[in-house]
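Lettered A, B, C and D in written order, each chain numbered from 1.
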Amino acid sequence: MGLTIGVDIGGTKIAAGVVDESGAILETSTVPTPPTPEGVVDAIAAAVRTVGAGSSAEAVGIGAAGYVDDKRATVLFAPNIKWRHEALKDKIEQRVGMSVVVENDANAAAWGEYRFGAGRGHDDVVCITLGTGLGGGIILGGRLHRGRFGVAGEFGHIRMVPDGLLCGCGSQGCWEQYASGRALVRYARQRAAADPDRARTLLELGDGTAEGIEGRHVSEAARAGDPVAVDSFRELARWAGAGLADLASLFDPSAFIVGGGVSDEGDLVLEPIRKSFRRWLVGARYRPHAQVVAARLGGRAGLVGAADLARQG
Amino acid sequence: MGLTIGVDIGGTKIAAGVVDESGAILETSTVPTPPTPEGVVDAIAAAVRTVGAGSSAEAVGIGAAGYVDDKRATVLFAPNIKWRHEALKDKIEQRVGMSVVVENDANAAAWGEYRFGAGRGHDDVVCITLGTGLGGGIILGGRLHRGRFGVAGEFGHIRMVPDGLLCGCGSQGCWEQYASGRALVRYARQRAAADPDRARTLLELGDGTAEGIEGRHVSEAARAGDPVAVDSFRELARWAGAGLADLASLFDPSAFIVGGGVSDEGDLVLEPIRKSFRRWLVGARYRPHAQVVAARLGGRAGLVGAADLARQG
Amino acid sequence: MGLTIGVDIGGTKIAAGVVDESGAILETSTVPTPPTPEGVVDAIAAAVRTVGAGSSAEAVGIGAAGYVDDKRATVLFAPNIKWRHEALKDKIEQRVGMSVVVENDANAAAWGEYRFGAGRGHDDVVCITLGTGLGGGIILGGRLHRGRFGVAGEFGHIRMVPDGLLCGCGSQGCWEQYASGRALVRYARQRAAADPDRARTLLELGDGTAEGIEGRHVSEAARAGDPVAVDSFRELARWAGAGLADLASLFDPSAFIVGGGVSDEGDLVLEPIRKSFRRWLVGARYRPHAQVVAARLGGRAGLVGAADLARQG
Amino acid sequence: MGLTIGVDIGGTKIAAGVVDESGAILETSTVPTPPTPEGVVDAIAAAVRTVGAGSSAEAVGIGAAGYVDDKRATVLFAPNIKWRHEALKDKIEQRVGMSVVVENDANAAAWGEYRFGAGRGHDDVVCITLGTGLGGGIILGGRLHRGRFGVAGEFGHIRMVPDGLLCGCGSQGCWEQYASGRALVRYARQRAAADPDRARTLLELGDGTAEGIEGRHVSEAARAGDPVAVDSFRELARWAGAGLADLASLFDPSAFIVGGGVSDEGDLVLEPIRKSFRRWLVGARYRPHAQVVAARLGGRAGLVGAADLARQG
């Protein structure tokens, strides 16, 4: 199969793109994300038709946040779009006349990195995406591990702290409460509230209040060496690295790929993650272990990965 | 391939057995575990030769506690036997004249359960062994997942409690410190020390002191309904179930198999594990999920699994 | 001094009462709690004038939720009423023509129990109030310990879980997030959501949903032996008892008094608290230690205590 | 009363000193600490007689590690010397012919700092001693708070981490497992084992192994700016400061005094303690709060405090 189309459903826009066998995006079409569940379905179909018109694309891969069933056809539960048992594959196939594969968006991004990004040359790769929350994807023996019911790789919700922070999922102490963009902001706000003098630079980037601090302020301040921002990144990194050490004990991959907006800061966050990973890795002296590397495809990983999964069939 | 030989290396004895294609053990030979690393190698060879003599067995599978390399040939690190980079495959092949496969013992046991025990009919199975410590094995898509470096499935050392109990591995808060036979005894001793009146029955089974309480006392007392022993099993089960909920988020298997000595108590421990698993399972309302079942092969799982891995080649 | 007036400021009503030297309430006046900070001041004055008219009461004690300064005159911070540096003593004295003492409400309740309730005969008493939140009061050597700045005894906000649940105070892992009426409801809801079958009885008491479970449902179900409700009380009790063990290491009182709405369930909650207290009490074998007893004055403790503090001057 | 004698019982030596009303030590006598419980009693008596001969000292105060009863006469339990219900007051009075007061050693040191050191001018002071373990003393309203049974102020054993590190006291997660000299060494060893390259300087100070790192190496390396040693001090400080924030919620003193060997490093450890204290202090914006200051008397605090307690009678 030659060209395929990948779809990435974001909170503000939906992107569809024609992707070739080398993972290059040849053309894209973008539409705003509609507010209703059915509107999103329509918008996906429209974006695919627009970008696909005139191309020889033969199949579509869609990455969606949420649980996707083991047939890669139905979104069981999508927290943001409010899909419940949404038969997305059938609906889109009927409207665009191409075969469709639906995949969890973090899985699609992991697949993209594995095939065309930081995971090239590895057979066993575990990706974590430090975005607003924390997502992940698992490639074992060159295959995407989806789990028996299609819901493997929900890294964000393993319990890091018994009786810990409440999570939107209803559980407590979930990893994404401690290692994600949202956690980063919480760390910065708590520190700024407790010690406004020390956080002066950071506070000035926002509206002057702890509550007004946003993620981009923390990143900007950290790049300028602000101690509160740097401490906040380190706190996030401690949790991220400790969780990767757990994943090493479980999956034993040859590489961990760290993506998502938080990872855009590069070594500012990667180095403390590696430090924490080494500290908590069990048996480090007696075993070889995975590298921790930055993702390479940035925001394109999901679209490219979804397209490639459609190509694999 | 018809018959193969499986070897199980225990703390007190080494067992070798001839196993057929249905997983039945036709004959066994047992020798005491020698105190020296090289002595163990000799004893394995002797046991294999004894049981293999006169049989048509063609290959040997050895289950060993510790890290085994990705070629299934060398034991990188065995905490109890003090093997370090022990070329076990080569040594045994030279002495017994059959091809040898070395596998982590918990992996071997998991494979045994998958092929001939509680895992039959499942493709994606995660086993935990609640013995003195906590071990595990992973079968995904019908294949044993060994990891890139051969050390996947070290469940006992994922971190359940930040800044938690010290573990022999050098880390803190490892799962096996909270869910294992050793943990069970600690729970019982702590409770008996704090409240000797309530623990009277349990204390009488030992030497009357909290320190004198052993695992078998806790089991016996729990079967008789002793409140301290029952509480101790429940505490273990809370941690075991919470950990399985994490593994469900990661691996999404169709079944969890719980084996090891602690699981011999059956529903006394399985039911509270299931209760805790349900409580902490993320997204339980929106997704199908794994069953939690008891292992069926008991202490034979490792030997039978190792023999079958040798057959698979 | 003979008669004094005590004032209790609740979320829905403000009660003022004339109290004699034996702690008996001779007469009361109750008004609804107004919605504005200044309205509450007016209502207090009105209630005091009403109940004091015709009595020989000479002084007023007011119990207020929040931080009260070391002069017992100004409410520094009252989270519910939104007082900030409210000069309550001066305002009420001007309006009612009697001398006024302002005290933290949990301190007032502790003093009431110490003088006329479960604390009689003890010199060193620590009270915890398990209401919606968790409050406390400390009597050492027969004196109320207020602290240098008047804000001692904020038991609800000691950290029980590092990186634990967010608290309204801005910190994390505060004791009241784990041992309070609000925590009890959370435990019940989480358990009901995870296992609706087991929680059937409890769910039927409310609107059938986990979110519809209220504190009174948990109490009613627990009294009827419902397993989910009983488990929820036990979970609360584990945290309450563990915290009392900490307080024993710090204050070493002769008695702990447990009050507040949760304690109305008596031994249903007191016994598991004692069990947990014994389990976590340090050095229990080598030292005498405090009793854990139920409060006796119920909802009157605050009013009676405030009145008596006014008498002490 | 004019001169009194203070006694400090250390692990290697016992010191007795004549102390005047200003807290000055006029003369001292030191003997090695004998290995047997009764030997220690003899040695105390000998040291007191030696230093007291020719002085006009009239009373003796003895600081002892362990639980001391509420009559300040009997050591209920001394973990190191193996005293159990040792009637120390009577025995020493018989041998030296002076009245004797026995006090917990951390209480004595706190009293010394309160009277003649960093606590002068404060009425409500809480001291923590970061030595091998973590001890403490409480002065409220100018009086040493001993508790109903004489065992208040056992700060080292409040629970900072549920299910945390085992403590010699039999409990888990005790503060002194996270904030003490012993904890500091553990942090450094763990970090050095996990990342020997980064810890090169620190490792070279000892025998080159992680296990060979001692407290003095960590201090020396930290002063030289070694990152692993500095991180280890910061980790200790995070726990120390968080615990002080709890004590502020409970006791609300005007000053915290931090003593013990760890505090000898001054601002290297005090500044991160203050930072952590501010971060976790509840309600910091709405209330005045305690200063965190370094102890001033060093190792003399216990002897001087014991002598002054004897003077107070």
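The rule is short, and it goes like this: a contact is a pair of C-beta atoms (placed from the backbone, for glycine too) under 8 Å apart; a residue touches a chain by one contact, two chains touch by 3 or more.
Quick caveat: nothing in here was measured; it's all calculated off a predicted structure.
**Student:** Just to be sure I understand: going only through chains that touch, what's the smallest number of steps from subunit B to subunit D?
**Tutor:** The fewest touching-chain steps linking subunit B to subunit D number 1.
**Student:** By mean C-alpha coordinates, which chain is most distant from subunit C?
**Tutor:** Of all chains, B has its centre farthest from that of subunit C.
**Student:** Between subunit B and subunit C, what is the gap in Å from one C-alpha centre to the other?
**Tutor:** 49
**Student:** What whole-number Å value describes the gap between the mean CA coordinates of subunit A and subunit C?
**Tutor:** 46
**Student:** Return the distance between the CA-based centres of subunit C and subunit D, expressed in whole Å.
**Tutor:** Roughly 34 Å separates the two chain centres.
**Student:** If a residue has to touch 2 or more other chains to count, which residues of subunit B qualify?
**Tutor:** Each of 161-163, 170, 190, 193, 280 in subunit B touches at least two other chains.
**Student:** In the complex formed with subunit B, which residues of subunit D make contact?
**Tutor:** Counting only subunit D, the residues touching subunit B are 161-166, 170, 172-173, 178, 190, 193.
**Student:** What part of subunit B is in contact with subunit C in the complex they form?
**Tutor:** Residues of subunit B touching subunit C: 162-163, 190-191, 193-195, 198, 275, 278-281, 284-285.
**Student:** Which part of subunit C faces subunit D closely enough to touch in the complex?
**Tutor:** 67, 76-77, 84, 122-124, 138, 140-141, 143, 145-155, 157-162, 169-171, 174, 242, 245-247, 249-254, 280, 282-283, 286-290
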